[in-house]
Amino acid sequence: MVGPTASLSPLVRADGSASYQCPSTGSNILGSVNAPVELPGRRDALKPEDATVEVFVKPGTAPASVGERYVEGIIRGVVGRLILGRERGYQRRGVVITLAIVGGENVSRGDSYLTLLPALLHTALLALLSASVPLSMTFSATVLSVDAAGKITREPSAEDAAAAKSLHVLAFSSKGHLLLNESQGAFDFDTWERVRERASAICHGTSVGEDGDVAMVESADGQPLEGTIRETVEDQVHRDYSWKIDAA
Amino acid sequence: MASTAPSLTLPPSQFARLQPHAYLLAHLSPPASSNQPSIRANGRAPSQFRTTYANTGSLTHTNGSAVVRVGDTTAVCGVRAEILPTDDIASWSVSHSSSSNTNKRRKIIKSENEEEEEEEEEEEEDPNEESHIQDLNLLVPNLSLSTGCAPGFIPGAPPSALAQSLSHQILNLLHTTRLVRAEDLRVWYQPPSLGGEELERHNAEEQMDVDVDEAARKDGEVKAFWVLYIDIMIVSMAGNPFDAAWAAVLAALRDTKLPRAWWDVDNEMVVCSDVVGEARKLTLRGLPVASSFAVFEADAAAGWRAVIVPDAEEERLIEEGDRKGIQRRWVLADPDGYEEGLSQERACVVVDKVRGKTVIVKMEKNGGWALDGKELKGLVDVSERRWEEVKTILEQC
Amino acid sequence: MSSPLILLPGDEIPSEYLPSSSSAPLRLGPGLRLLSQPPSSKPTSSTPSHVLTATQAGIFTTDAKKNAVSILSSPNRRYIPVVNDLVIAQVHHSSPDYFHCMVTPQAPHVVLGQLAFEGATKKTRPMLKQGDLVYARVLSVGLGAGAEVELTCVNPATGKAEPGGLGHLTGGMVFDISNGMAVRLMRASSASGQQQQEDGVAGLVVLDELGKKLEKVGGFEIAVGRNGKVWVDCSNGGDVAVKATVAIGRCLTTIDQHDLVPADQKKLVSRILREMKIEV
């Protein structure tokens, strides 16, 4: 299957930026990060020893509404826990993440954002890396759908997602923790455990269970997402420091 | 750890304000010598929910209403039904014909795979109707955190991000659980050719119109939909607004009665009966119950400068430590406002029981890395017990 | 070190990459953190008691002289003032005691004391107008949110403009370059002449090359600000002064945008000088 593609720092003026395309879900996201920035004094931003993380999601065709507020909350929950907001220069300042949906399916009112969520999360992460915001670790995320027969589909298209019985978004940290789980639709716990195992294989390339089927899982899912993130960053570093690397 | 309970020279209420984290930690990890179970600052056991009360029909001017109180968090929900004639839906004629095509395709897929246990009637109406609720926005929930429900909510402010995301969560859950049947929201018009006495009332012209219609649709046609405006107000906010709001929505929908409505051919409009006896209740699918949790971590304040993140492998070692009595994190069911302020990781599980079998409808966790498979399994079990509790409460009210 | 070590946040630095010999304490630069081993793994195990972890993505570098390690992360991000950096600031407006200057367009103005110039007294303070350029050193960045950044053009201890050249920049032109390029140019210009390397310092030969070619027209002056600005002046050039200034600017910005290697830099210099018809 065709894996996602990403590039770092496409925007010149922002502190950090990233663009991310996922062909299977059809999403195309452009993200920027500005950090650290001065925030105007606000009642809810007064954490004396920590940075305030703000996330804005801009849909492609409509003004942002309640669905965006919700997905912004999810993204803030994930990255807010990874940003080291107590590093020097970040306390009492803001980390502002803006994610614009520039292509792909539109999300209408009341629809879940789950098919777009991994792409949004990856864009946010890459933009944070590009802005050199200190992080405790990185993560990778994927969305899986389960149809009525129990078949798991990786990164379903919008139609597949609408026909699915349940949808699951999982994010794993680079150290193997389950950072985020968003599941909706009817399912039982055994299904979820299968989903978790498959998602872990997609993100890390190794299944948690027996070692025997590792190779098979990898070939079915291509490169693990973690590797894609790492390669994107390495490419950019090679470009930025070609003079140094070539000289060495 | 044992030294975390020094002799207090200030009253507990002040200690709780000055050192909230240490205060809750001291409650949860009593000295090993005392042999006390860990208990929260509010006197509950970690997996204990607050006392829940529900009352329905409290608002007289709505079609259905409920007040649900979970501890000090109170949600009021009112359901107002309004008629949406299909003539007013711009895309109706287009979408209706096209959607019936796509739905047929979906229906085939569904019927192949659907387990046989599913009720027959449900399966029949399933594909079409669900998309009507979603496409035509027949359910419109709106949640407001009213001024003064908690100190942070000042008058005149726009809806907070929390209120907006709660509204979205409720709408999304209404859609994914397919709680309301679209059939209940439909106002049908049966063409009069079927019934003899109705025929008399119509003149010839109308008869012709109807005949044309009939050629297109055999059974009759939908002339209007009921739109349910579900307004939720959090009157008092003391943590965990979602559980209370969802329970209020559920109770209010169970209480909702729609008057009998029909298409009046002469006036070309939908009219309702004012006879109370003719009003019918909604028939809801299942009874999904939400349970929320927060994770309290012992070392949140210790990581003052550095956040030390152990590997997933090391996490397992920490769990081993748990069993030896050195507990570092506690999963608190139904957190109150004080506990929510001290924890970052949240989880929410919505379960339903269909013929004794537990079905998870929604499972979320975010904001940390303490909960994984094993812990979530535990939460599902707790949520199942909670389901029984809430079911009893809702059935009694 | 054959292949560079590229790290992502959360990666641990393999101990073989760390400078091992020195007894002096290891200095941690930006992007690295010392995370003590979590309490779960017992101290009895033979693992080292400290692990260095990256907090930013970038190349791991070591400096044997200072026994320091750091991570070079994304070079082209916005400039954030750091004490002792040299910057080129533009005066925005002045108040009785301070000039309010712009260092980066997105950030709040920084202040530069009216008397923070060499030889300035209350009577002889420099009369800078709006839009004037100043080459200055960051004196303090303040603490916490809303803190003001202060610049100076003198060394407060000696009252002299140290290092040389601080103060009002008259004539010349300013070109925008990336912050990464600014750092490289500073290293290249400070080291030029001292050691002749085949590839130049920091992969830049452009300054040496321009210096050689423009010797005939009287050479040029250059000031590099860490905030991604470079000021060039060829006022000795007579007729071609303006042309030469623009040519230098074009060379620098083109090299920055296209990441040219030293050989291409030499070609580019010749080509641009030829195109602009500057006699060499």
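Note that the chains take the letters A, B and C in the order they are written out, and that residue 1 is the start of every chain.
Simple rule for what comes next: contacts are C-beta pairs under 8 Å (C-beta built on N, C-alpha and C of every residue); 3 or more make two chains touch, one makes a residue touch a chain.
Protein identities per chain, from UniProt: A = Exosome complex subunit Rrp46; B = Ribosomal RNA-processing protein 43; C = Exosome complex exonuclease Rrp40.
Everything quoted here is computed from the prediction, not taken from an experiment.
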Longest centre-to-centre distance from chain A, chain (CA-based):
C
Closest chain to the protein CA centroid?
A
Between chain A and chain C, what distance separates the C-alpha centroids? Give it in angstrom.
33
Whole-Å gap separating chain B and chain C, where each centre is the average of the chain's CA atoms
56
With centres defined as the mean C-alpha position, give me the chain A-chain B separation in Å.
26
Give the residues of chain B touching no fewer than two other chains, as numbers and ranges.
309-310
Shared-interface residues of chain C (touching two or more other chains) are 10, 33
Tell me, which residues of chain A touch at least two other chains?
84, 136-137, 173, 175
For the chain C and chain A complex, residues of the former touching the latter
1-2, 4, 6, 8-11, 31, 33, 55-59, 72-78, 80, 106, 108, 144-146, 180, 184, 199, 202-204, 259, 261
Residue set of chain A touching chain C in the complex reads 8-9, 12-13, 15-16, 34, 36, 38-39, 82, 84, 87, 89, 91-93, 129-138, 173-175, 229-230, 233-234, 236-237, 239-248
Residue ranges of chain B touching chain A (in the complex, touch as defined)
106, 109-110, 113-115, 134, 137, 152, 161-162, 164-165, 167-169, 171-173, 175-176, 304-305, 307, 309-313, 315, 344-346, 352, 357-369, 371-373, 376-377, 380
Name, in rising order, each residue of chain A that touches chain B in their complex.
43-44, 49, 65-67, 69-70, 72-74, 77-78, 80-81, 84, 86, 109-112, 136-137, 147-149, 163, 173, 175-189, 192-193, 196
